[in-house]
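Data block below; observations after.
When the chains are written out, they are named A, B and C in that same order, and each has its own residue count from 1.
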Amino acid sequence: MNHFLSVKDVDQVDNWLTEALSIKENPFQYAELGKNKTLGLIFFNSSLRTRMSSQRAAYNLGMNVIVMNVGTDSWKLEFEDGSVMAGDKAEHVREGAAVMGQYCDILGVRAFAGLTDREKDYQEEVLTAFQAYAGVPIISLESATRHPLQSFADLITIESTRKKARPKVVLSWAPHPRALPQAVANSFAEWMLEAEVDLSITHPKGYELDPEFVKDTPVIYDQEEAFEGADFVYVKNWSSYKRYGQVLNTEVTWQVRESLFTENSQCYVMHCLPVRRNVVLADDILNGPRSLVIEQAANRVVSAQTVLKQMLTT
Amino acid sequence: MNHFLSVKDVDQVDNWLTEALSIKENPFQYAELGKNKTLGLIFFNSSLRTRMSSQRAAYNLGMNVIVMNVGTDSWKLEFEDGSVMAGDKAEHVREGAAVMGQYCDILGVRAFAGLTDREKDYQEEVLTAFQAYAGVPIISLESATRHPLQSFADLITIESTRKKARPKVVLSWAPHPRALPQAVANSFAEWMLEAEVDLSITHPKGYELDPEFVKDTPVIYDQEEAFEGADFVYVKNWSSYKRYGQVLNTEVTWQVRESLFTENSQCYVMHCLPVRRNVVLADDILNGPRSLVIEQAANRVVSAQTVLKQMLTT
Amino acid sequence: MNHFLSVKDVDQVDNWLTEALSIKENPFQYAELGKNKTLGLIFFNSSLRTRMSSQRAAYNLGMNVIVMNVGTDSWKLEFEDGSVMAGDKAEHVREGAAVMGQYCDILGVRAFAGLTDREKDYQEEVLTAFQAYAGVPIISLESATRHPLQSFADLITIESTRKKARPKVVLSWAPHPRALPQAVANSFAEWMLEAEVDLSITHPKGYELDPEFVKDTPVIYDQEEAFEGADFVYVKNWSSYKRYGQVLNTEVTWQVRESLFTENSQCYVMHCLPVRRNVVLADDILNGPRSLVIEQAANRVVSAQTVLKQMLTT
């Protein structure tokens, strides 16, 4: 079965990128492909872009969509094997996932990291259970450690915008008032390492990402130095991987703002959204010509549609 | 771009009314018009009629629909420009609206008045922002100051029911336990002033509406006197515009009940719903032949479908 | 008007079963039947299977779907006639149901028992009101006293699995930490009494069901004795009907587990889900070959689709 949980589930990134650009050009070329097929979107957490772009992608392929907010529309799910379920969870994922798989041809699942237990988060309890029990292809709508539909959309955005064959891409940490997962950063690194780009990462000490995702990507602890000669700066906050889930400092100076770029810089700035203005990114970036954030969001339909198209045809 | 935020966005009310009556007669005549188009319904507040009738209207035109409850399905939005977003709002409307506009061909937006800051409410912060940033046509699903889909449905109802060329229409305030916006009353007045009716308004002193909406419409402070010779009485509570958002008194005697009408009166009674029985309208009205409230609600599909049809064809 | 509120609304159970098995075999044979028709799904309570399977069933018939969570998407509804609505309920079901009936061709309604007032629950206040005021066919998505779509799916499951002409079916009470309605048990009994099976019931004393539903079905108070020679054991918790809504004891020994069956037993175990593992049913049942729970859940699409098909064609 073909799942879409990480870049590892993509046989050839180049081919997928070509398909994506074709779908972007002509979104309705496969409008009959999903006839009589239903996509289930299962949310354990809030969502705006993912919720809407996945629906739109499915509609463009002629699919039907069922949206389920677990815990509000339905009951809380138990994930522990062997547990005596006498508490607040009325259904086990073994049944829950299997049942949803009976009603849908493909299931998208969103389940964020809890940020308290690193091992549990990095084992991807929720997505692993859905893979094991649903019996249908699973699409990650952002899991504890990855957000592949976002990273694929980011790659499409870079591909559509780049002015040189092999651009310099810098992933930059930025401050945020709350502890956030590493998922977007992990996933972005993982995809960039499969793409025709030179990746480097900049963040304050203590925010080193899991080597499993970033491999030997250069880390530069000085943000200004890291940005020199960059073609794309990808901005994102994440909490510490080492001191798991902690906000080590607020480092307000790491906010990405126009003054970090020279006057002639053609560097683009990216962010997956939602973004807190004047905390993560300054108004002057978001209101100016460097920002690709809306284009990235638009490409979420393209990445989701490409993934669904692959699943419907293989 | 063609928005639908008030009667001012309707070039010719008569033509729209003709179109509406044709759609009411044959709801599926444009069943292919919305193929491959998606309507987004963005709710900052609860909704029953608007939520369901807008979906039905879109389906009748062959459109797809995405529903988004802001703040529960997704995050809270910031509207203030220049704010440092370190609080509970994770996304600015500049991004939020722009992104939703990438996923939908038309956006319907509901955002009620806060009833604490009159200037802010009457500047229509939410709808103005969506107009500015979404990049697609916006339909008001009731804003701080207007409810044009309701008013258009009300006009269709009057047109379908009237027994004379120029009926006498009375907008009557009625009591309510909670402070309600002026939106329905404002909007009804605004539409009636564009229609072939004689409008007058009755309410206790202190409930005068914004002159911007009611112009020089006669106000009669005696409800019984106001109802004399009326063909349609439109009942609605609203809080004070002058002492903004306040419930000045409960005036239970203003409840509209059968005894206000003479035995031979052919006068119809209208209300936009939801209605609190035996507070706003008495059972004897709602259970009797004067009531048009269900017909009005049914015409919400017709008004939404007419607006969508206009947007899809211009 | 054809409603679907209990087995009494089925003219010939055998014919419906034949239709169901045909739909199960070929789910898309009526894919055009629901063109331009809309199913409204109105939830007063949480739902996973019902919510998703009803949507899927409607899609398989080419229908559109509108989902409404009463009280979160919209306002709370008043059901009392003659009440002065000055409290927290903004709309009366007389208007609410009538309006929803204007927007949908068929309405599914879920409203659980309150378990405090037996007479009120057994009068089916919510479904009775929708029947009276909506003006369109009503499908029970589980009411205070019945869950007919589940029971029909259960019958389809038995029919698809049985190894003899007239199997022995045992409805068994099982423990649960919370007070649950009698709806599933009532409804299962009612349907089995119309089917080609031999039904008996087992539960601790005090859990006798309403004779209206179980008629003269044998009750055996010893679970092991009851299971002897059974072909299907249907497990379900319910609270007391006599001491209404009470959990009389926790009777953990009534949990259904593999050791209750002899080694050679071919008996199947059924449950409507959600099920609390190791409280109601042991892991060894749910993970083993006796369990039909996922098949039952899958048949929820079939039962809903058969009911919708009947409504669309009569």
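Definition applied: contacts are C-beta pairs under 8 Å (C-beta built on N, C-alpha and C of every residue); 3 or more make two chains touch, one makes a residue touch a chain.
Everything numeric here is computed off the predicted structure, so don't read it as measured data.
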Copy pair chain A, chain B: interface residue numbering same or different (half cut): different
C-alpha-based rotation, chain A on chain C, 0 to 180 degrees, nearest 5: 120
Centre-to-centre distance between chain B and chain A (centres being mean Cα positions), rounded to whole Å: 39
Chain B residues counted as touching two or more neighbouring chains: 72
Interface residues, chain A side, partner chain B - complex: 28, 31, 43, 46-49, 51-53, 55-56, 59-60, 69, 72, 177, 273-279, 283, 286-287, 293-294, 297-298, 301
Chain C-touching residues of chain A, taken from the complex the two chains share: 36, 38, 40, 64, 66, 68, 72-75, 78, 82-87, 89-92, 94-96, 98-100, 102-104
